[in-house]
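Here is the structure we will look at, set down as structure tokens.
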Amino acid sequence: MGFSFGKNFKLTIFGESHGKIVGSIVEGCPIGLQLKEEDIQEELNKRKPGGELTSKREEKDIVNILSGVTNGRTNGGPILMLIFNKDVDSTWYEKHRYIPRPGHADYPAFIKYGGYNDSRGGGFFSGRLTVGFVMAGAIAKKILTKKGINILTHVIQINGIKAKENISDEEIIKLASKSPVYCADEDASKQMVAEIKRLMEEGDSTGGIIECRVLGLPVGIGEPIFDSVESILAHGLFSIPGVKAIEFGSGFQLCSMRGSQSNDEFYIKEGKILTKTNHSGGILGGLTNGMPLVFRVGIKPTSSISKRQRSVNLITMKETELEIIGRHDPCIVIRAVPVVECVTAFCITDLMMQANMIPRIMSE
Amino acid sequence: MGFSFGKNFKLTIFGESHGKIVGSIVEGCPIGLQLKEEDIQEELNKRKPGGELTSKREEKDIVNILSGVTNGRTNGGPILMLIFNKDVDSTWYEKHRYIPRPGHADYPAFIKYGGYNDSRGGGFFSGRLTVGFVMAGAIAKKILTKKGINILTHVIQINGIKAKENISDEEIIKLASKSPVYCADEDASKQMVAEIKRLMEEGDSTGGIIECRVLGLPVGIGEPIFDSVESILAHGLFSIPGVKAIEFGSGFQLCSMRGSQSNDEFYIKEGKILTKTNHSGGILGGLTNGMPLVFRVGIKPTSSISKRQRSVNLITMKETELEIIGRHDPCIVIRAVPVVECVTAFCITDLMMQANMIPRIMSE
Amino acid sequence: MGFSFGKNFKLTIFGESHGKIVGSIVEGCPIGLQLKEEDIQEELNKRKPGGELTSKREEKDIVNILSGVTNGRTNGGPILMLIFNKDVDSTWYEKHRYIPRPGHADYPAFIKYGGYNDSRGGGFFSGRLTVGFVMAGAIAKKILTKKGINILTHVIQINGIKAKENISDEEIIKLASKSPVYCADEDASKQMVAEIKRLMEEGDSTGGIIECRVLGLPVGIGEPIFDSVESILAHGLFSIPGVKAIEFGSGFQLCSMRGSQSNDEFYIKEGKILTKTNHSGGILGGLTNGMPLVFRVGIKPTSSISKRQRSVNLITMKETELEIIGRHDPCIVIRAVPVVECVTAFCITDLMMQANMIPRIMSE
Amino acid sequence: MGFSFGKNFKLTIFGESHGKIVGSIVEGCPIGLQLKEEDIQEELNKRKPGGELTSKREEKDIVNILSGVTNGRTNGGPILMLIFNKDVDSTWYEKHRYIPRPGHADYPAFIKYGGYNDSRGGGFFSGRLTVGFVMAGAIAKKILTKKGINILTHVIQINGIKAKENISDEEIIKLASKSPVYCADEDASKQMVAEIKRLMEEGDSTGGIIECRVLGLPVGIGEPIFDSVESILAHGLFSIPGVKAIEFGSGFQLCSMRGSQSNDEFYIKEGKILTKTNHSGGILGGLTNGMPLVFRVGIKPTSSISKRQRSVNLITMKETELEIIGRHDPCIVIRAVPVVECVTAFCITDLMMQANMIPRIMSE
């Protein structure tokens, strides 16, 4: 029952990696919003497999909007968006049904579902279901753009390779989308690409860190106690397979600071209240304070590697070896970038709706 | 509207730091469970202010269970638990109503609530509302104990001082509760105490890191996609004021690892499936895998410091200085320990209820 | 887990008839609304026991607002409202613990809760818990009044005695509150009073019908499919103990009509769209159409009667007789009038919030 | 945002009458349940248009299960079920876009959605969306059948024609499905058929009453206060277009009874606790008591009639006449029968899940 998310803006994900479809349904979208399949497709294309550094599964990922839009505008009803799976090959999975892949949901899912879950390609635990996040996020991004809110997402680390510190917003805007690994530091980007290629050859994988900056947010987004900006974003972002760590603002570095350093003092500039530093990442007491919202998510190495691994057989309860043959990403971080951005857009939009900051009718 | 949390086990927090009461209401508790005010009080006493290293506000924090319990057992109805605030002094806050304290919710809350929020002591943004988390967590801990689940919580860092690595479960059980800072490394504990005292004298504060290990969990807790164990725990834990970072298992370190290192390989020991390493922190695909659930939360320095700080006046829109006079904790990390443990217990219990792992009637 | 109701405006009820307290907690109230205990008390006094025609239990029902209000205005947090039970006498109930009263929840509750529910006075199945509905409704009525919405509630039948047809809104406003049975037909009112007194003497009880008219509603309240005005009102109203039937507009009479009669044709009057008839009760397709919202609820006779009845002993599983000694209402309909009105106000307010028709800040 | 219903068993409806699709998504279904498209189709065929007494719209209503089922069994994920609309003709609607049909949602929907709703065929306010209820109900019925629960649904009144009183369960089982109007009284059935044909010729319509009896229910279904059996069933049933009245047990007749008559006295038969009468309709204090659950829903005449009616033009704000040309049911009651049954099955299943009466895994 964890397939839905959001309060005023609601998203339900469905489908299986090797089933007929994957998709999502979005409720609570502002009415009268112009929405074309192209709007969704554009975002989907960013996470599509098939590039030089990504999985070889060939999915065009063509979205179909089946409800909720009339004459090119949202009509107030649920927006159903589907992708029909095309390039499905379940041979390997059917052969290895009872040997859980290390690092995957296979083992606990088998126990939880009494063996009735769809295990082919991970079923609904597959990263493939993140297309549903992207579909909803594409709509959210349209809404946020109209409110002057912009999300910058870039990769700051892959394996041990780190982008330089103090990358400016302008550099991200200019350079991140040009980098095959969404890294706004050109030198680091090249090293990252090389590293990924090397790991690919070795049949290994790695992880990395994505940073997100949300610009243009009004003051007061977030709900007290349980629906703080951090709570909601973390809830959404940890739904992305592979995310294992999150920090806001100066994050874990705050644990080695003094209050007199970490407190962001207020000042006034051109009639607006700002803070001199932004250790809080734009969030005070769970509410946005008008400064850029900044956070980083840590993503583990892709679990599917072609190197031989030790596992067990769930039926015979004997140890065994496993060699995964499939079409896997050596570094899921790259394809997670649009997903992180879309989840962020979705969470922010929902919180803004809760704070009555988005009009019910949004027809321009 | 963010005052409630949980699906099958539900918690609603209410009250204000300087209002009449603080408390919580818990719905969905198993029926027939023995529950006395002492059970709740014991947990509350752990986070009570008044110690040598904590705030001087004198609150006995005596809990009153007003509904949901009949003849010493839960009766299936909502459990209302209240604490009447006693030692309230709002003089300073009323004087500084329009000068937001750096690092606090004051500024965005003023904007969000049009000035109608209770700003005394932070109102419902105060850490004082975490008594409500503790009340609910005390009940959750009773339930988990009956299921053989045990939570170990300890401090591994305060300011720059770190506990040694590889602290064993046994050391935590034996030593953490004896340390004034819940640190299971005796040397580090002494240094942490000294550091906090020094900061106290200087009118400054600091942050730190709490680690949690949950032992005895069954396989398969967690719901797919949005209600992964990580999502729910992060949602709950980021509700605790001051928490700015969370990592599960090897967390951010995973970002510099290869899949062949980070994947926890399965093996069989005494008929049980285990993993040799536990980089995943006991969670695969959002579900528990039977290994210890491990995570760390990073807590920022207490925002209220007595050092003079720069701020602004929200009415005159002029910059000004602020000297906070109050009774504040130099290091909120210590008092956050029982809160982190209780939020964890609550989240785990709710997820176990969702997976039908807790009986409706639990009368022994 | 059925103790909460409402989406954007949320109500949680708690307490037991013979426990320490009864009360409710309201979330989502507009911010800055003036709210005094007197506002709540005034509504509570309408359903208070103690009159000539009602139960002799002496409860002053003094409300305490314990959170959510600062300086006389709502502060955006949950509003906790309590009444301490005073006149509790559980002797009879403890003696008859295992003999379920006909017409009451006793028997299924005993089974459902494995005997751990509070059975004294019906526990949380008692009509006493409707004080919580009234508390929340009192707030809702304040909000609706500011929006020019007015609810007229009157009794149109008690036992076989019916009020005349075609009572005007003016008659209800003028006469209903003057009648001891809230009946706007003075002759019928007198007969109803006499009937109730006779039943009281005979140790018997009866039921009746309450009609509600909501005036001044804007067009478009209600959400499509599952949250139609009828669905939400029925959900709320069937939560009132004793309600067994509901009909909107011409209700069951519509089943003997033709479409050409039942369809309310549109016309224009002073620039406003109205309908000539109002068979739909002001609701089309689940949405308000600007005409008066009209519905009737049928309430069964009070189950607790002093006449000897047949029952069974749940432990010995033998048939037995039961004589209820207590302080019961001969006709719960009278005391249900303010409850029906308050539930209606609550439901309408929640639906208006969902349609963004109530501002977040409502400070005049 | 009213497109979803249910707590542990959840249903979301989507689509538009003249859009690409209609359908529903069901979450929380027991795992491992055998489910084929035929199971759903069988129920859908019962409400399909095209018969002698129903709309001439030719929809085969072929269901596609697109997710949630693997190898013929539910896999624990959301079950997405779609029907592609085939026989769509929107000509009339597009021509009369601004002239609301009396008795329909057209007028309030136009106001609520600022004109952006899909008005063709009523959009998502169309009775066509009840296919989604039927799909979910078909699954619920499979689950209930396994638990020995059986729902009998029959028509007891159409226009003024009433079925005889005291129809037995056996008569309903034997005769209702043979009657073109689901009436178990053969004489009344014939009269009803004749009446509908006459109205059809006259271009008029009528309403009627459906009765439901649920047999085999365990004691204790229903949640206290707001989620009583009556509350949940009424919520669900009033979601069906045209339903304007509901009564449980003896319903409105209870309002003219005495407590000594209406109370159902307990007795013991073959070791089971039963009641001699069933005025309560099998529900005490909102909980099932093991007796048959009995209720009746009143359905208004179909709003779409071909007789000329008065209406207004929403743009010119002038009065006008309207002649509806389309393919409408003269008596929606017939086609509502399977819908009422399916909604009932859905509500009961959800409440049983909330009471932990349905296993998580249900693979036989």
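Think of it as A, B, C and D in the order they're written, each chain with its own count starting at 1.
FYI, contacts are C-beta pairs under 8 Å (C-beta built on N, C-alpha and C of every residue); 3 or more make two chains touch, one makes a residue touch a chain.
Here the structure is a predicted model, which is why all the values come from computation and not from measurement.
Enquirer: Measuring between Cα centroids, which chain is at the maximum distance from chain C?
Expert: A
Enquirer: If you tally contacting C-beta pairs, which comes out ahead, A-D or A-C? Let me know.
Expert: Pair with the higher count of C-beta contacts: A-D.
Enquirer: Counting shared numbers against all numbers at the contact of chain C and chain D, is it over half, same, or under half, different?
Expert: Homomeric contact, same residues on both sides for the most part.
Enquirer: For chain C and chain D, let me know how many angstrom lie between their CA-based centres, rounded off.
Expert: Distance between chain centres: 26 Å.
Enquirer: Return the distance between the CA-based centres of chain A and chain C, expressed in whole Å.
Expert: 47
Enquirer: From the mean C-alpha coordinate of chain A to that of chain D, what's the distance rounded to whole Å?
Expert: Averaging C-alpha atoms per chain gives centres 40 Å apart.
Enquirer: Can you pull out the residues of chain C that are in contact with at least two other chains?
Expert: Where chain C meets two or more other chains at a single residue, that happens at 1, 3-4, 13, 76-77, 112, 124, 224, 355.
Enquirer: Quick check on the complex: what are the chain D residues that touch chain B?
Expert: 76-77, 224, 355-356, 359-360
Enquirer: Enumerate the contact residues on chain B facing chain C in the complex.
Expert: For chain B paired with chain C, touching residues are 1, 3-4, 8, 10, 12-16, 19-23, 25, 27-28, 31-32, 66-68, 70, 73-78, 80, 82, 112-114, 116-118, 123-124, 361, 363.
Enquirer: What does chain A use to touch chain B in their complex?
Expert: On the chain A side, the touching residues are 1-5, 7, 13, 100, 102-109, 111-112, 122, 124-125, 129, 157-160, 199, 204-209, 219-220, 222-228, 230-232, 234-236, 238-239, 241, 243-252, 254-268, 271, 273, 275-276, 279-281, 284-290, 298-305, 307, 309-312, 314, 317-319, 354-355.
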